[in-house]
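Take a look at the structures listed below.
Here come two complexes built around chain A, the first alongside chain B, the second alongside chain C.
Right after this comes the complex of A and B.
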C-alpha cells in the first residue's frame, strides 16, 4: 500500500494513508465533523475553506479542503463560517429602474470605490477568480463584465475576510449578478407559456394520455 | 470479486473513429430493472413493524432509522425557555429557503434551522438543471405525462400536475430573485431559454445555468434569506425531535445548538421539514453523490410524530458516479454530459444502452455490464467508460461553457477528458419516496409540512433529471405559504412537549422493537458524532 503521511490539522497531528482529501484526513483521528463540510468533493459549497501551508513553503494559501489532497508535512487550519452583522442590505425587488442598476449597487456597496488594489481578494480566492478586477468593473458600472467574473463564485467569503476596505467583493458580485438578471432576463418562450397558462390554454389531463412514446422514439433516432 | 476487463485492455478496445453501434438488448426495460436494479430483489425491502405504515415495505437500512427511538426525553427539556415563531423551517437547502421566502411573503415571522449552514445541501450541488415546460413543442401535459411515466405511474397525479403546472412560474420567480438561466443563440430581446434534453423525456425541457445550476440558484436564495430581517437563521442547529401539543399536532421542534452544546426549543405555528434525502446512509453499500447532511433526519422525525410515508423502498442510483480514483468514488458526473451526447462504453468497446433512457434503466444496464464481467477494472474499482473523448473531439468548446463542472471534476480525477474517458459506476443519488404530502406540502399530521426530497409522491419510483430542482421550489413555496396561514392559531399557547415520543416508545415496546438504533442519525458514521459525548465534551467540534 501507499506510504502513510503525517500532517497537522487544527493543531492535531494526524497520520493518514493517501490518497485522500484534507477533509477526509480531518476525521481520521475520530474528531467529530459537524462544520466546515458540505458537498464533500464537488467544490461548490465553499464550507470547507481552510488555510494551508505546505512543507518547505513560507506562503500560506487558502483552499477548499474537499478538493485538496492531503500531503506530507501540511499544516492546515479550518476557517470558521461566520455570520457577522450584514452591512450591505438590499431587497432585490426594490430595484425597479433598469437604467439605475449601477446606482443601486453603489448605494449598497459604497466601499467598492475605495479599493486599494492590494490583491488580497485575488490571493484568497480558491477558485482563481479575478475578484479585484470584478470589483473595479462593478464600481465603474460595467455590470455585465463584473457579473461574468463572479459567475463561478462559490460564496466561500474568503475575499470578504481578506478585504481591508470591507468591500465584501463576493456579495457585491452577487448583487450585480442578481440585479442584472432580475431586471434584464425576459425570455420570450417563458413569457408566451406563462400567458397561455394564465388564459387557461395549458390544461393537464390526469388520465395520462401516454401517446408521446412514438414521437420520443423518433426524436431519439434523429 | 467480480471479474472485469483490465483498464489498459479496455482502453485498447475503445473505438476512436466511429460512433459505436448500440448492442441489441435481449431484455425489455422492465426485465432489466427487475434483474439488476438495486431496488429489486428479496433483500431490497422489509416490512415496517410500527407506525402509520406498519406492514408497508421500506429499505432495510432506512427502516432501522425510521423505527428508531428518540434521542431525547422529557428530562432533557426541563427548564429550557422556548423561543417562538410563526413558521419554523428545518433545513437550509433550496426547499427550505423557498419555504422561508414564501412564508415571509405571506407575512409570517420565520426561523430557519440548518444542521450545517444555510445553503449546504444537495441543491447547491445540482448540475444539470431544472425542468419547466416552456418550449413551443412542449406543454404542461407532456411534462406531466413524462413525469408519470418516468416514475412508473406510482406518483400522485395531483402532485405531478402541480409540479408541471407551477414550473414556468417557478422559473419566473427565480429570475425575479436574480437567478440567471442560459439563453439559446440569438439576440437578447426576444431570446429564448436554452433547453436541454433529459433522459426519459419527450421534449427538451431542462433549463440551466452552465452545468452548475444548483450553485447559481442556491447562492441567490441564501443571500435573499440572509438579507431578510424577518428570517432568523440558526446555523449548526440540527432538529433532533419535533414538539407536539396535547392533540398530537406538531407545534415546534427541539434543536441541538452545536456551538453551545445545549438544546434549544422552538415553538411554532407550523413546522416545515425540508431536510432532504438519505444518501449519506450509503444504502445497499453504494457510494453517494449527496452532501454530508443527507441522513434522512426528516423522515425519522415525521414518522415518529405520526406522518405517513410512501415509496420508502425506492431510490435513485444515478448512473454516472465517479468509480476511479477510489477516494472520489460517488461524486456525480452530471447527466448533462450524456444529454449533450457522451456515450457509455463497456470493457469490450461496446455501447450497451441508450444513454438517455430513464436513469433507473441506465443504472441497471451499467450494473449488468459489471456483474457479467464486461466492466472495466482499475485499481480495485469497477465501472464502465463515459466516453468524453468521443464527445469532445467534435465539440471541444463544450468544456469551457456547458461542461465546466465536468472539466473541474476530471481534473481532480487526474484525467484529461479530451484524451481519456472517465470510469463511472452508479451512485446513490436520490430518495424517490418520502413523507406523504398534499398539494400544499401538508402531511397527515396537523401543523407539519414537508417539501423537497424529504417528501414523497412527486416522482413515483424514479425521478427524471431536473424534476428535483423544480420539486423543491414548487412545494417549498406552496408549503411556506400554507404554513404562514397557520400562524396565530391556538398552537401558539397550549402545552407542548414530547407526548408523541412517549406514545412512540409504548408502540415500540408493544411491537417488540427493542434495542434498536436512535434517530435522527444527523451525521454519517465517519462524522464521528455521538450526541451525548458531544454534549459532555468541551471546545470546538
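Right after this comes the complex of A and C.
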C-alpha cells in the first residue's frame, strides 16, 4: 500500500491513497459532486476547473481536476462556471457566404479587438492553448488559423474568467470552429472518432459504477 | 497639535490655480528654503517623519534618498493623482483647490533628487483637477520662477500634466511607469523599483499627491513644527475621507493620531439614524476591518498597524448596525475583480470566484460549503499576483470572516 497523502479541497481536509486525480480525491470520502463535474475524468468537458497551490509554492495555477494528480499538501479550490453577461446569439446555418464570415464573427464578438495582450488567457488555459494568438487571428479575420488553435478547447471557461476585456475567448473560439466547419471540412479526428463509434470500437465503459448507473448506461447503449 | 483643516485644507490657501494668490497666501517660501539649502531637504523630511500618504506610510525621505543617490542624468518626479480606490476622495480636492501647493512640493522633490521632468499623473475622471493643474502648471512655466529651480537642479525643468488610465490598477507604482512609457498599466514584480528604472528607464520618484502637498509646509515651517502637529508619537496631519453611515461625511484634515472615535462622532456628526457603530473599512478598502473595540485607536500608520490593520489612504468607510458586512465585502471584492488587470489568472479568477461566493451568501443562497470554500480561497490566493491587489482583496474577506462570522452563517446544510 502506498503512502497516504493529505490535501485540502474547498476547505475539506482529505487523506487519500494515491494515485488519484484531484477529481477522484474530491469524491474519495464519499462526498457527492454536484457541480464542477461532467465527463468524469476524460478531460473533455472542462467542468472541473480549479485553482491549485502546491505545497511550499507561491504560484497558483489553473488546472482541470481530472487531469491533475493529487499531491501531498495541495490546496485546491474549484471555480464556478460563469455565464456571459449577454448571450452570444448567431445562426451558423445562416452563415453561407465565406466572404462575410469575418464580419459575422466580429458582429457577435466585437470585444475581440480590445485585447490588451496581458497573456492571462494563455496562463489560465489548462490545455496549454495559445488563446491570445487565437483571439488575435480571429480578430484579424484569419478564422482557419484561429479554429486550428481552439480545436482542442474543452470550454472550461478559465480564459473567459481571466480575460479583463470580456472577450470570452473560448466562446469566440467555439463560434469560429463552428463557422469554419460549417463552411468547410469536418475535423479529421472528429470524422475518425465518429467512424470508430459507428463500428463499435469505442464502447463506453461503465464498469465500476453502481448498479443504477450501470443499468442506466445499458439502457442508453440500447 | 493641529486643529481641523489647519495645513493642507487651510481655508486661507484655497486660492485655486492663481499663482499670485498662492504666493501672497504665503506660498513659495518652502521652495525658496529648499533652493537656499538643497542639501537640507531630505534631512528635514526625515526629521519631520513625513510618510507616504498613498497608503503605504513608507518614510518619504528613504524614497527620496534612493532616487537622489542614483547617478545624475535625466530623472523624473511623478505626482500620483490616480486616486481610484472606493471611498478615497482627497487628492482630487488638493489638486483642484490648491494646485500650487502640490506643484511646489513636486518642485522641491525635483531639487532634492536633481530631476528635470515633473509629471502630474491624474485620473481622467477628475476633469476639474486636470484643468486646474494645467492652468497652474502654465502659470509656473510663464512666471520665470522655474529659472532659479533650473539653476540649482543644473538642467532644464519641465512640468507636465498626464491623464492616467483611470484604472484602479494604474495607481500602483510600476503600473504608473508602464502607462507613462506608453503601455497598458500592467503592474510588474519589483525590483527593479521605479527609483532604479522608471519613466524612460530612468530613475523616477513617485509620490502620492498628499505627500507632496505637505512638503512645502515642512520646508517653510520646519520639522519640529510638523512633528508637533501630530498626536502622540505621530507627525503632521492626515486627510480623512469619511463616508458611509455617518451624519456628516466629507474630507477632514486632522492631526495624525486623532482617535477613530473623535473622527466619527465629533467631526462626522455621529452615526446616521442614531444606529450603533459596527465597523470601518479603511482605505481602500483592502485592509482588516476596524470594529467597536478599535474606536480608541489613534489614526496614524503605526497605531493602526498595531491593530493588524492599515491606515491606508485615510479612507474611512463607516458601517452601522443594520448594514450587511457581507454585502459590503461582496461589493468591494467585485470592484477588485473588475479592476484586476488580467495578467495573473489566480488574481482575476480568484477575485471573481470570491465575489460570486460572497454574493450567494449575502443574498441568502449560500451554503456552508460556500463559506468554507471562501475561507479556503483566502488560504490559497495570497502572494499569487505580481502586485498586491489579490492580497488586499483577500485581507478584507478574511478579516470579515474572522470578525463577523455570524453574518456568514448559512441556513441549514
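The working rule: the second predicted complex is superposed on the first by the 178 of 222 C-alpha atoms of A that agree within 3 Å, B and C clash if a C-alpha of one lies under 4 Å from a C-alpha of the other, contacts with A are read in each partner's own complex, and residues count from 1 in each chain.
As a convention for this text, a contact is a pair of C-beta atoms (placed from the backbone, for glycine too) under 8 Å apart; a residue touches a chain by one contact, two chains touch by 3 or more.
Please read all numbers here as calculations on a predicted model, not as lab measurements.
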{"item": "First, second, both or neither for A:53, with chain B first and chain C second", "value": "second"}
{"item": "Touched partner set for A:181, first chain B, second chain C, both or neither", "value": "first"}
{"item": "Partner chain(s) touched by A:15 [first = chain B, second = chain C, both, neither]", "value": "neither"}
{"item": "Contacts of A:98 with chain B and chain C, given as first, second, both or neither", "value": "neither"}
{"item": "First, second, both or neither for A:44, with chain B first and chain C second", "value": "first"}
{"item": "Touched chain A residues, chain B compared with chain C", "value": "B"}
{"item": "Touching partner for A:119 - first (chain B), second (chain C), both, neither", "value": "second"}
{"item": "On chain A, positions contacted by chain B and by chain C", "value": "10"}
{"item": "Of all residues in chain C, those that touch chain A in their complex", "value": "184, 186, 340-346, 348-350, 352-353, 356, 369, 372-373, 375-377, 379-381, 383-384"}
{"item": "Of all residues in chain A, those that touch chain C in their complex", "value": "8-12, 51, 53, 58-62, 75, 77-80, 82, 116-120, 123-124, 158, 161-165"}
{"item": "Residues of chain B touching chain A in the complex", "value": "116-117, 119-121, 124-125, 132-136, 139-142, 144-146, 148-149, 153, 157-158, 161, 164-165, 168-169, 171-172, 175-181, 183, 188-193, 201-202, 210, 212, 214-215, 219-220, 222-224, 226-227, 229, 233, 235-236, 258, 291-293, 325, 327-328, 331-332, 354, 356, 404-405, 408-409, 412, 523, 526-530, 534, 540-541"}
{"item": "Residues of chain A touching chain B in the complex", "value": "10, 19-21, 24, 27, 30-35, 37-45, 47, 67, 81, 83, 86, 89-93, 147, 151-155, 171, 174-175, 177-182, 184-190, 192-194, 197, 202-206, 208-210, 212-213, 215-216, 219-220"}
